[in-house]
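Got some structures for you, see below.
Two complexes, one shared chain (subunit A), two partners (subunit B, subunit C).
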Partner chain A sequence: MENAVIQLKNVSKKYGDFMAVNQLNLSIQQGEIFGLLGPNGAGKSTTILMLMGLTEPCDGSVEVCGINSTTHPIEVKRKVGYLPEDVGFYDDWSGLDNLIYTARLNGLEPKEAKARAAELMERVGLADQKDKKTGKYSKGMRQRLGLADVLIKNPDVIILDEPTTGIDPKGVQELLNLIVELRDEHQMTVLFSSHNLHQVQQVCDRVGIFVDGKLLAEGNIEELSKQLFTHGKYLIELGIDASFKNIPDAQVLENMLTSLEGIQSIKKEDEYFEIECLADISSGIAKAVMDADYKLRYLNKKEYGLDAIYNRYFEGGVSHA
Partner chain B sequence: MVSKEISDSVRSWKFLIMVAIVLLTCLGALYASLSDFGEAIKGGTADDDFFFLKLFTHSNGSLPSYIVFISFLGPLLGISMGFDCVNSEQNKGTLSRVLAQPIYRDYVINTKFTAALMVLSSLFLALGFLVLGFGLIFLGIPPTADEFLRILVFSVISIVYVAFWLNLSILFSVKFRQTATSALAGISVWLFFTIFYNIIVNLIAKGLAPARFVNENQVVKFQGFIQNLMRFNPGQLFNDATTTLLRPSIRSLGPLTTEQTIGAIPSPLPLDQSLMLVWPQVTVLIGGTILFFAIAYTMFIRREIRSR
Partner chain C sequence: MKQIWIITKKELKGYFDSLMAYILIVVFLGLSGFFTWLYGNNDVFFINRATMQPFFSIAYWTLFIFIPALTMKQIAEEYKTGTIELILTKPISDWQVVTGKFLATFLLIAVTLALTLPYYFSIASIGPIDHGSVLTGYLGLLLMSAAYISLGIFASSITSNQIVAFLLALIIGVFFQILFGIIAGAFPGIVGDVISYLDMQYHYHSIIRGVIDSKNIIYFASVIAAGLMASELSLVKRNIN
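For the complex of A and B:
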């Protein structure tokens, strides 16, 4: 793609025999919020470290804003703000001083650094806590301070490694809102790694699902379900009573159902049907049952959301892929 | 960054405690040497013209002298300043945050070393001058230029010596993830060299000691061998170097035969000659310092920095 901000090509990283990241290809566009979703140990953090040039890939190339992260990490770090998982601050300094230090490391003049730090403290809602030592900050405050710390260099891209772990729901909500606001204001590109599905679903434009070092699927939620569920989006379970009929195997009904629109596959076992379909056609099914003169025992609809995707891949592992 | 590191180390508790201990012992040593200073300068040896140097080396027997204190506590000071410099940042999670900023990675370890070295240098120079100043007050005579230079060089060598231990402990702090492990490793190396190394060398010496009636060449060779063994100990190098500098009458660090000393006038050596005598020792100390720093440096540069 033309103006991909983050571009990974065939990237692999091995620790001994363990393949942490395996032949990864990924590109993220300007102004996009991309969610990296995966269970622990899937290689999300390793990927991020490679993006920042904090570790070297064994194979492939990593480019951020058109700069190779492996060979020119300093230029990349100038443009990318990175909030590590469980970020640390100098505990015996105040929040403001911590920010000023980062600003100075980014080459800001002392006066400018101070002004910008104070402004950002306000932005993330810590203005009244800015002189408190960070050792006394709560987890949520630390994460917000971390976000301010990331923003102080005015980055083009921000990378957040599990920013929401250990924060209460309200804090998470505020943090997520802040991220979206920032993106809208400055057209920043955000890479957001998490194992929490709902948060990702809430803010991310596109999601990549990451398991065992491989990107299994990527796209927005709709595309994802299309990609992952070749069998359709809904699963309808149907039970009928065919005992009073002459032909108990209900072949007729199956034929009738097949002719319905949107049906992808039907599995039949005596009086029990498993119907996979693209749209919600449960009423059509019910009608078909009635028309064929069967008694309807039950009709149960299951919807495949991101939840199902998540479960399918994370619990079942790669075997389903 | 350097200024941050300096203020960090100066404000930290462990540094204050170490400085307090060093200061107290120095005052004690000063007192010990001054209390019977009159006795000390009466004797008729070649060192007698150097009153001020005696301040550093003389002791009344109840307390060790200044140089002994420094050779004992200096390593401890160095270790205490270095043992947690890298791994504590890592454990606090600040290392990955700092490294995400557009700075070169070696800045981090360079500043750690520079800051600690600057603090140590100012401390040792201050201590040296403090002793000098007290000497001035109590003795009432100013030091000669030669003495002053010797004291200055002595301070520099002390700094190098402490820097050696500092780097060793920085190396451990890069190597070990737990601060406690690296502190213990540093202290155990130090203990090994201050206590056990001498015991081991003594054992070897006893085992290898030549019979009583061998010719003198063999005895000299044996002495030289044992001395070389001792010189693997950085503390020994430091002691050699400093005593030579502060006792101008010492003319050789190895064994001398009677033939070699015949005709020598028992007069003090000039400063440049003393320096020549200890140059190998100082070189080894500096070399060791640089070696440890280089190892720590490469290990740190190639390390993958994970958060916590």
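For the complex of A and C:
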């Protein structure tokens, strides 16, 4: 915990009778990309607002880079860059002018602000469009400019709230690559709030699942899989043809499979096997089928990813209590 | 302070880029010039005295109408375009944002009023003029403008619709400009005195007569501070929502 850049301890936030965030404990380390997952109204945006010092928790403490966000919001805003879902810019100004203005608000001197803004327009791939008015920018270009705005202060922490909404697939991939590059280059800590499981799984080191103001689970995909799918991360479906064998119920094969390392459970129904295992041992299973002299009809491997984990939480597979 | 000035410069640039500043200056100078020199009834030649009183009377009413038009977009536009998030997530306080915007409009009004100084020199050249009352007259206009600017920014901070912000600022202004004076008459005793104290015309006319009373200064300072603080509070509430 000594390198925790974001630290929330027993944080609660109520709006009237509505509990937006309930006893939240969260710690995010330096250089980590952390994904915040959850449906609308789960408390993700309120958590972000509290991190930025834009709203105060009713209970608990919020610290970013060791600074209390509630009592020292300005200091926190010096260290945190925030990119919302739909970033607003002054439409009748050029992208470069918008960036110079925000650089100045971030405390950069005029000369430095101009140089840094030009450098970042290049970095996010908008050098050719820097003099174009932002009112004429596409959604993807606006988000890129938003990322440049986030980076202009050299932040220690970047908070991205649904940053890829409305961007085309190519633009999304470029934005995600850029985020990972920035983390790798500058060891920035990134908090990535999104509905898109695939994107979160693609870039995040760990994820937290929010429901009804509570953080139900946190960890990397493997840890969460282990918590939820206690019989293994992989499910392998095997179909064989045993009709020509003397022992047509394939009992021999079941015995052979049981002896394989990593097997957690085997369900057998005639010539169909459902095997749960900790690692991908599909090649070992195929070899066992051949060694036992059965014909392989099909071998289908399914890995429990973030979508399976998420569905377990949101489709009643896991108690919210 | 640096951040306030950055916002002030940006807002001033916005006024001039959108031609708003030019329109204000031209229309204000035209109207005030006409009523000061040419109207034929209560102008300088009609009164036949070297005085700036006709100018101060017309300027008071003209600014009352113009200021809501200047302040209506100050914060409402930022809400509408989403740029409020861009600003408030920077290392600046809500107070700095509100103050920066207030100063921009105040400077624009100050520049506009400075452009009427030739009226003063012209009138002074045709007869003996009470320089003290001219000075306090300008001071009264600046204080009254500052008060309406802070109220206008407040109106702009509670809506994302500029027209609503304009009308709201005008309605609040009507209370200070006209209604408090009328309502006060209906209430005898201390209630009437309190409502009467809120009447801006009373304080303005006290100042332009050449009397700088601490009571009047405290009144204007209070209205300005109340408007700015209410705007800041409104921004904080908006953040939460």
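The rule we apply is simple: the second predicted complex is superposed on the first by the 241 of 321 C-alpha atoms of A that agree within 3 Å, B and C clash if a C-alpha of one lies under 4 Å from a C-alpha of the other, contacts with A are read in each partner's own complex, and residues count from 1 in each chain.
Definition applied: a contact is a pair of C-beta atoms (placed from the backbone, for glycine too) under 8 Å apart; a residue touches a chain by one contact, two chains touch by 3 or more.
None of the values given here were measured: they were computed from a predicted structure.
After superposition onto subunit A, partners subunit B and subunit C are found to clash with each other.
When the shared chain is aligned, no partner comes close enough to touch A:256: not subunit B, not subunit C. Within the superposed three-chain model, A:105 lies in touch with subunit B and with subunit C [touch as defined at top]. In the superposition on chain A, contact of A:86 is made with both subunit B and subunit C. Using the contact criterion defined above for the overlaid structures, shared-chain residue A:45 touches subunit B, although it does not reach subunit C.
Clashing C-alpha atoms with subunit C appear in just one stretch of subunit B from the list 206-214, 260-268 or 278-286: 278-286. Within subunit A, the residues touching subunit B in one complex and subunit C in the other are 49, 52, 54-55, 74-75, 77-78, 80, 82, 84, 86-92, 101-102, 105-107, 149, 153. Chain contact summary for the complex, subunit A toward subunit C: residues 15, 49, 52, 54-55, 74-75, 77-78, 80, 82, 84, 86-92, 101-102, 104-107, 149, 153. Interface residues of subunit C, counted against subunit A in their complex, comprise 2-3, 6-7, 10, 17, 78, 81-93, 239-240. Here subunit A touches subunit B in the complex through residues 45, 49, 52, 54-55, 74-75, 77-78, 80-82, 84-92, 101-102, 105-107, 146, 149, 153, 161, going by the rule given at the top. Chain contact summary for the complex, subunit B toward subunit A: residues 1, 4, 11, 92-104, 304-308.
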